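Listed after this line are the structures, all set down as structure tokens.
Next come two complexes built around chain A: one with chain B, the other with chain C.
Entry: the complex of A and B
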């Protein structure tokens, strides 16, 4: 096993890794560094965690071909090494597989922001243990449906899907690298204008850097000598620091501190991506015109629903299982104007929907469910200042008591309309602004 | 004029000498057509006065489908169409479009699409079609056998009352004889927090125009903090129903204590008025009043 002290530009064995550190990391193994996305750090972290017994198993994607993969639980380091590489055309939500019947013990997994959000929400509902999960967050600009990808390759890029080596999204362009070393790039906006490109929910997703995971890894901000061969990693929690330390000590990975410029570039890319999302969100969640039209809009959107229940099965945040109210009290035999199934889901998801789009992916009637659920989730997000999956805060629907308008936990004497009187000195407001980049609604502070 | 006597009549017409339905007796001036047979089960009847010159003055073309009754009045230019039956007192439908201005007879049959205007007169026994549109100011419904809910729409409101405070308050309203409209359908629950959103949604889906949740005042809950939980749920339900397109006023939360009988009646009166102005709920199924 290599100690890593002789190789590389800045071995960090023995150096302190702290929460809040921003580093550029890469796999020590040259093969992994080449095969893995941006230097293979994530694969190295997962392999090292398994090798050193930090976790009992790893949940990762096993490639079937360039566009398809299946999630696997593995305790084999080799299998983890083989799963290196980013796959933009596999829009699976890994958190959905974190059920007690599928695994036990400690687990590490790579997680897009939506996977990490789902995991956090599942932990709140006691469906998975937060402490036993090591979440390696991945920056994500959006995923693609495999069929859309094939269609794009055939009609827009005019490439044979067999010839594709890998793909990347770089500066707003979807780039395919063919086996002969060529690059083929088309701006994502152009693709999406034709109805191709990313999945719809990805286009208005509000979290691009997974700050809710243990580590946030990605290639934004990786410039200069490390471009294409290093991963920018931000240490979000102590567990993340533990993961990174473990990988370095085991000789699987090396890191160097990220410089100011890298950090600035990463921030800028994030801001641009979020700006694009906000714009798309405004389009998709445009206000419904007309006084009597609202109900008709929803009724019409849902009129093709066949009540298969796939949306509920696929939803990573739904943990009720068979005994859920949405299915128990609705029936195909009912001839109401709207199904109780939908009404209950709209209510229950108003504080839980993370906008991952799994429901929309599985719907056989092709109903744009994510935007429907997000319509209900948006006012709740505003009213309670709560974004599901981003913190350990109890979902507001589970509260025993109405919180203050400003969301702080200070007590109050009379009535629920008044705030805390400014006791929290605006700290909440600042935290909210930093996290969600907008002002919280209402409140005293 | 004259039609040849048809010997085969004797086979089919056992009327005999006394039968007024003698061959030739009618056909002389019968313009029904040559050899038009009058059969034994002819609806025309023995005392049929032979429609040549109908009382309304227009020559009846005697269509096969026409049923002439004993006191039949003309249908020549009847726009009624096939199967139309006219009875005594029937005003000649020459220009009858079965629309407004129709002075319906006692046994007038209306077909689908019939529209009653405000001047419509319904007689007793009038069998109106389902698609009849009755205006709200239609004064004729007393014996109308049309739709069961022919009366003007009244709000129907489901009210969840907690056993310890609001239900007692309702009793208090009754005992104190405080007047209130009969719009509430009260469901007693032990605590307002028992009310699940599923109950509320089901109420709307079954046809409630509004739902009221009432309970003890904050701090007075018999189960200490049940009403605080109700408040949390209520805000979510309100937000969700508002997004769905139901007006805010259709779901209301009120704290009413056992001693507030008068308040109970006042709340009921006010809410009923609010909902009356809003109209029937958009979630109401078809055919439910």
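Entry: the complex of A and C
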């Protein structure tokens, strides 16, 4: 039997890679295949980009232990190699670290959907250069807070964190591999029923495959002989094709075309994940009827705020820096029922919050800020069918015309199914496909 | 091109010792700027930081400069000058102060140096002088923060929102787990099920903790001994567990290593300097000007010293005043450990021993040869531990009965201070209905005050009734007349009990004692 991950069996130098290709890839280096998740393709892509000068630096996670890593910029191929492996318990958003003062030259980074979405929002605000960043998207079903992970290990898995060699999420189960070679798996549903498992914002996240990145990589759809040893990669942009060609030409990676079954499995997994998210979204972000009730809900939810400002600092889409309206026009001396800091941030985030959960991860008062921002924005987002961070060509919805070119006033969300046949049809279809990976049944309006 | 170094470190803001990363960006010209990043794997705070933690770049904004004989000097020269000054210091006229703003390894080396000169290290915790030695173990009692989460009832004698914000999430978790939260203080707390404004002597009659309750209080340089005694009595009588928080990252370590001896209040220390009993003072990362109730008086007093030696990780008014400054590395670059208020030994994940080496060299000048490894080993031994991230102080230490509160050495017990204390010199009339004259001025102690870091806290808090009674105008000021002077302050309307005005900012000439003030437009 051919083992696809053996060097020399896949696509090599000179292969035609084009936008829209769906492939299975893996690292050529056996060491990297062992260290990296799913065949080590992502690490190989990053390392090759550095090695061949496609980029000047890589933004990656420097691993301290299984539950801790620090985002660092590096131009060392070796350091990139050492960053290999999945780290579901290190829920950082790398886009926040791409600041203008660090953005010299070309940069490559791995990106969960929320990292990629944050990058798009930062690019819209000229805080990063879209052209100079190579974004290797990673499918994501959710991440875990390390504090929760430790608690799970202690109370559910009955394992010492020191014993853990690596972890993976496989077919809905969170699997810990201990240093003695044993596997310990518990269904994510069971963990979440206990208030453990994924971070709350991941549970209602609306993007699982980062189609807004240059490449969309992951293990969904990697079946048969490649299972556990390859990465499904979809080429989303010309830059993505360049990354892949570069890695193949440099002898770092090989690919084979994904077959129909793999493609179908990947779409199915995505659809199932999105379905679960939609259900959770319905529970957490349900509209609150009545202006008085709405205000009281938000006021009460924010009453324990200590105004540390960590939510703003951690926010990857906030690009205001020191000149922020939310801080400049707010004072601890104010006696308002809800601080101007929050009021301004709610408005500011209503067209840009990508739901990454960084704000509530760092909130010392445990305020579910991501849910609050999303709930606040939900009615208008629905009205305009707007999803932040998916396209840098879509302006913030405050800038959208109230009427589409065809004269209708409909948004392009999944909720609109009656067709008017107007010119907005194309935009609607594009957004629907980006999210659901299939053609919409109905039309835009 | 900018270079970036990332340090896994500990917040120096309070005794919880939260974990974080400091990102140090060094420009081409060598200028360093720091920013804060979140360390979500930290066992203490899970990456969450309070307002002070987020403002750490301000804390680290002024690096110290070494000085000898009042003039800028090289580091080694400053260390040599300090050795000469200590050798020339009159016997019994030298004092050493370190409140716990540095590592255990530096603290222990400082203690060795002090011992070589026949004295001990002051930690400023005068509270220990107010209790018999048998009661000290109970004051050092602590437990894990997780213990708060599983408590049946939580009694708060501090304001967690202001004083120790990273305790807030633990109390919220306790509440989520079904605990009742009772706050004892001058301000209503949103998370409390019950808010009571009580004097310490009323605790026993008004509060009935069930077994399995936790009493969250604090010990700091201006603690009210009556309040601390009342909390201990309440714990002893009910079986509840006291949890004493502390204001400096290594307060607990400094206290244990000093064996809670040689403790004068900071006021007494200043009085002794003023009286000429202390001629040479060596401060280790302890800014007495920031810590003193009245910095103007403190500066006058410190100017009377023959020699003021300061070893500091930050510049400031004290280093300006000092004759000798040993400019150590910032805390985030230090190698060493701190013992937090839980009794958890935490490693500061950096590698510099510059500050330690300076102290070791000074100790060496007095015949004590110390190296980092052996000192660290001694620290571990003192706490009965083999590695960092372990707990040392057993929560099962029995609570000795603190007889009567003793009079602190040479000074009256400090009254009515304490982060959330409503006790002290407030009028004996029912405090919820006190008139606008005879209002109790109470500080909400917080890290910004302890460390002299600027914040948006230039206001006082009053309740709506007081504001209306005084006819104060929105956006205007309130005049506060105290025995030492007066101040016009902005105000915020809060759920403060009648008869109180709260401040999170140190006001000139107000002192740290709770005083009666008069309020007017």
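Here is the rule we go by: the second predicted complex is superposed on the first by the 384 of 445 C-alpha atoms of A that agree within 3 Å, B and C clash if a C-alpha of one lies under 4 Å from a C-alpha of the other, contacts with A are read in each partner's own complex, and residues count from 1 in each chain.
Heads up, the rule we're going with is that a contact is a pair of C-beta atoms (placed from the backbone, for glycine too) under 8 Å apart; a residue touches a chain by one contact, two chains touch by 3 or more.
Not measured: the values here are computed from a predicted model.
Participant: After lining up the shared chain so the two structures overlap, which partner does A:335 touch, if you call chain B first and chain C second: first, second, both or neither?
Facilitator: In the superposition, A:335 contacts both chain B and chain C.
Participant: Could you say whether A:199 touches chain B, chain C, both of them, or neither, answering first, second, both or neither?
Facilitator: The answer is neither, since A:199 touches no partner chain.
Participant: Touching A:345 in the superposition: chain B (first), chain C (second), both, neither?
Facilitator: So A:345 meets neither chain B nor chain C here.
Participant: Applying the document's definition of touch, where does A:366 land relative to chain B and chain C: first, second, both, or neither?
Facilitator: second
Participant: Go through the superposed model and pick first if A:292 touches only chain B, second if only chain C, both, or neither.
Facilitator: First partner only, chain B.
Participant: Who does A:309 touch here: chain B (first), chain C (second), both, or neither?
Facilitator: Only chain C; A:309 stays clear of chain B.
Participant: Of the two partner chains, chain B (first) and chain C (second), which one does A:122 touch, if any: first, second, both, or neither?
Facilitator: Neither partner.
Participant: Which chain A residues come up in both lists, the one for chain B and the one for chain C?
Facilitator: Looking at chain A, the two contact sets intersect at 334-335.
Participant: Would you mind writing out the residues of chain A in touch with chain B in their complex?
Facilitator: So the residues of chain A touching chain B come out as 288, 292-298, 325, 329, 334-338, 340, 343-344, 346-347, 350-351, 375-376, 379-380, 383, 396-397, 399-402, 416.
Participant: For chain A, which residues are in contact with chain C within the complex?
Facilitator: 62, 64-65, 67-68, 70, 72-73, 90-92, 101-102, 104, 145-147, 150, 303-304, 306-310, 313-314, 331-335, 361-366
Participant: For chain C, which residues are in contact with chain A within the complex?
Facilitator: Those in contact with chain A are residues 1-2, 4, 6, 8, 21, 25, 36-41, 43, 45-51, 53-54, 161-162, 165-166, 168-169, 172-173, 190-191, 455-459, 474, 490-494.
Participant: Which chain B residues qualify as touching chain A in the complex?
Facilitator: Checking each residue of chain B against chain A gives 196-198, 201-202, 205-206, 225, 228-229, 231-233, 235-237, 239-240, 242-246, 282-285.
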